[in-house]
Amino acid sequence: MKVEGKRLIWKDYQKEIAEDKFFYVRSCIRQTFFPGSEWAFLKIMKEVLGKDVYENPAHTTCTGIGYHSDIVPFDTTMTVVARQFALMTEAGYQNLVPSCITSFGLYTEVMETWKHFPEEEKKVRDYLKKATGREFEVPKNLAHASDIIYKFRKQIAAKGKYRLINKTTGEPLKVVEHIGCHYAKMFPSKGVGGAEYPYVLTGMVEDWGGEVIDYPERRHCCGFGFRQYLVKANRGFSVACSKKKFESMAPYKPDMIITNCPGCPMFLDRWQYVISEMEGKTYGEDGHGIPVFTYEEVAGLILGFDPWDLGLQLHQVPTEPLLNKIGIPYDPFKKYLGKNGEDIGIPMKPSMLNA
Amino acid sequence: MSKKVVIIGGGIAGMEASITLAELGYHATLLEKSHSTGGHVQDWYQLFPNRRPAKEVLTFSELRMEGKVKTINDADIIEIEKNINDFRILLRNGKLVVADAIVVATGFDLFDAHRKEEYGYGIYENVITSADLEKRFSEGKKILTHDGAAPKRIGIIHCVGSRDEKSGNNYCSKVCCVTGVKQAIEIREMLPETEVFCFYMDLRMFGRHFEELYKESQEKWGVSFIRGRLSEANENTDGSILLKVEDTLAGKPLKMKVDLLVLLAGFVPSGGTKAIGKMLGLPFGDDGFITPKDEHTSTNLTDIQGVFVTGSCTGPKSIQDSIADARAAATQVANYLK
Amino acid sequence: MIDFGYNINTDRQIDYDANDHRMSHFILSREPSYNLCIGCGSCTATCSAGNFTDFNFRKLHLMIKRGEISEVKTKIQKCMFCGKCLLVCPRGVNTRNLILTINCAIDELKL
Amino acid sequence: MNKLFDKLQEDVRFREGLKACINCGTCTAICPAAEFYDYDPRQIVDIVQTRDEEKIEALLKGETIWYCGECMSCKTRCPRGNVPGLIICALRSLSQELGYFVESEKGRQQLALKRTIGKSILKTGYCVSPELVAAKLHPEQGPMWEWSQQHLPEIYNRLGANYKGDGPGALRKIPEEALDELARIFEITGGNKRFETIEEFSSKKAKELGLELDSGTDGEYFLNIYTTNNNRHNKK
């Protein structure tokens, strides 16, 4: 593989990402499964990079999961999105940063729809005014939270304590990057690096010392597919998609997976557990599975945050093998403690995945 | 004194136009921006449909040009001034060429296959273009994978940069279909153990003996065809390429490993076509090629008196088409100058 | 092993490299016109069996070429040997002999 | 008469998604659903493009339109600028509007989605919440999740969340006024109407099938649509 070829493509897809003053909107899935990631993002932005990030408690879901499950009409979704824009406008911000890829894709889709069909925007303005009395400006800059971390990746590396390097061998860690489908597949020009070879996570991995591996099913969906996971009868499809990815990446012996979508890391993590319990098959070394991370978790680890502050205990595939490889210290006895250090028990061990 | 005609572009069309004009008694000057005339045909090994050596056609033109046509190579045109009675063409080296009429024969460039990102050209070593393959043929090189092994299976992808809104080219490049079939046969002839698969949407075998060549490729050479446009190409650990298409005649997705992937790069208006067309104020179609005065009846004429167009600057053409078109353009010039 | 209430779905992609191409090689060596099909569907349009059943000779022929042969044995039995396909094929594929050869392949290769 | 086609045309996503299909198959080639289901987005686009009312009706009443996962991989690839995924969105909306969705096993699942995700949106302001992913219904979430479900406040607050609290933060309680605004948006823009339509046709279907339908997620009909898989979705 010739990386120069990719660099030529990356040059064509450099999107504008704002420098400061961000209006942050949370992700239903991210906060449910990876609350430590949203905490880490804000901590990095405010304390490490000194940025102004504002969160209005009155913002809600964008309805994205409902919209893509087709139970929420497009008009409703557009109006809820417009309400988020209104909260941003009222707070005096212009740069919108969603934590969620589904939201990011949806905001982009709504904004593009309004460009092509201005009558839709007018209709939504009327709806919002009627329902809430609010008015709004369309964001001047829309960037996913991973875009922001990408933009400041070098500063993070400079302040970092650790690198994505195997402490024992001195070799870069082999990293699989998995991009949420709605990051760039719908609008390639809205993603750093485009849709075919997205650079947003690759750029982080490169600057943090790791090596990205390119495997055949790299672009495949994790299998969420909204209704395909949300309804139990369809879950066999969801897990099959992730399995396809694992089978394809396994020959490259990846040390870890990094993701930028809220749902994907959960699925890539949990489906490894399910496959191990259904078929007795584990991926990665010594039956440990391939640990899956959010980019905020990886940024936090690089900066020396405590793994249990980042919420790595909420992964089903154990992350300790990777922490050991990098040489990140952790206290195994504190992994499952509560907020004030109280003992709240520990989870059962899975029968196949080595925890 | 005979009238002066300047032909811009020394490919097949420009050469033929200048020869015909010289034979009709005009003073023909051929301006070629590169070091030599012959255009794209110089890089080609054999021609469809009869697989004669491309050099034969070049020689046919070159021999007739000798002593009749004044050729200026490395001619970089920086300005064309239109006067009431003539044109003054200024070259970068300071030289001035005067013409009573101009024939634009600036042709095409091959589509830059890097732009079809998902096919991995320039990224995966075992992805090449039809032009790369033709070059290997002409240089007498063996067809090997990047690792120097004989490929067990080769995939040929039709419509790369053609009939594709994503590439900005909605048109058909006309000659790629039959070129793909020709190259498939050539591969099978050189490497009888290598399987060849063509992936296509339609096989547009419009010319004489094209369909027969297609049949021959199946009957005599065992070339296989799968109807489906390549969606993406990925690299396996061993450097082979994994293809994802839909076998549309089966109605199912299909994946297949090939050791070498050949992309049939289509035509795009050349840099020269864009630059000279702009200098002369010629209109361009939404495909980027120059639009002649009338697409049925005046294909070599333009709205500018004394300016004529021929060859692939007005859209993709085969060699046969280009030669016929060049002769037609020459008669139009003669008509104008008489 | 835990019962999650569902199984991992199986793939329906044509996995060309994993498929069984023995039948295809067998047929080609005995009936070279096998390779001449252009997928026009004339045979299927005129097919007597196809009028009454889901027999689709164009598709069956294609699936053999792709090495998807698990259903060939049952499907081929629907052919009535009327020979109309032979009359209409624009590429001169000897469809009648092709059917015979497919049956032969099923026997000889013990499929 | 092109009643169904005209209805589809009213959907802006359909107009955006359907230009002119050349049946090349680039969409199907990389479609995750096409790999595991009897699903071919190319054929769906081709059907709507023919404007054949009977065939469109069959689509609206059938299984296939529900196989798509809306990943939108198809949009990246189409050489004609079509978006099969958006066409699917429009077909699904229309199928629900006309009540055709209850005619297929996969379509009937819309009620389950409405009663889980839909309810959650209006009640909590979130599509998904920790409580919605109850360990009992989600064994695939594993023993770690089972443990965390028993200690939600301790774990979330340990991780910097503001679990069910006032003010900003992860998993905060969304203020009542915000929920009221959401409810009004749903009322004005047709969101509630969609919900009511799903309920109405599902209730009819439940009667037809002789299955009891409660108002929650435990009734016979609900469990039936939530778990039934006739395994005839991939005939290979």
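Lettered A, B, C and D in written order, each chain numbered from 1.
Just so it is clear, a contact is a pair of C-beta atoms (placed from the backbone, for glycine too) under 8 Å apart; a residue touches a chain by one contact, two chains touch by 3 or more.
Since this is a predicted model, take the numbers as computed values, not measurements.
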Mutual neighbours - chains that touch chain A and chain B alike: C, D
Comparison of A-C and B-C by number of C-beta pairs in contact, larger one: B-C
Euclidean distance of C-alpha centroids - chain A vs chain C, Å: 46
Between chain B and chain C, centroid-to-centroid distance (C-alpha), Å: 39
Between chain B and chain D, centroid-to-centroid distance (C-alpha), Å: 49
Chain C and chain D: spacing of chain centres that average the CA atoms, whole Å: 38
Where chain C touches two or more other chains, by residue: 2, 4-6, 9-13
Per-residue multi-chain contacts in chain B, two or more chains: 118, 227, 232, 247, 252-254
Junction residues of chain D - those touching two or more other chains: 30, 34-37, 76, 140, 227, 229
Chain contact graph, described as a line, ring, star, complete graph or other shape: complete
Chain B residues within the chain C interface of the complex: 203, 215, 218-219, 222, 224-225, 227, 247, 249-250, 252-257
Chain B residues touching chain A - in the complex, by the definition given at the top: 114, 117-118, 120-125, 232, 234-237, 242
In the complex with chain B, residue positions of chain C that touch it: 12-17, 28, 32-33, 35-36, 38-39, 58-59, 62-63, 65-66, 68, 91
Chain C-facing residues of chain A, complex: 232-233, 235-237, 239-240, 243-244, 274-275, 277-280
Residues on chain D engaged by chain B in the complex (per definition of touch): 22-31, 34-35, 40, 42-43, 76-81
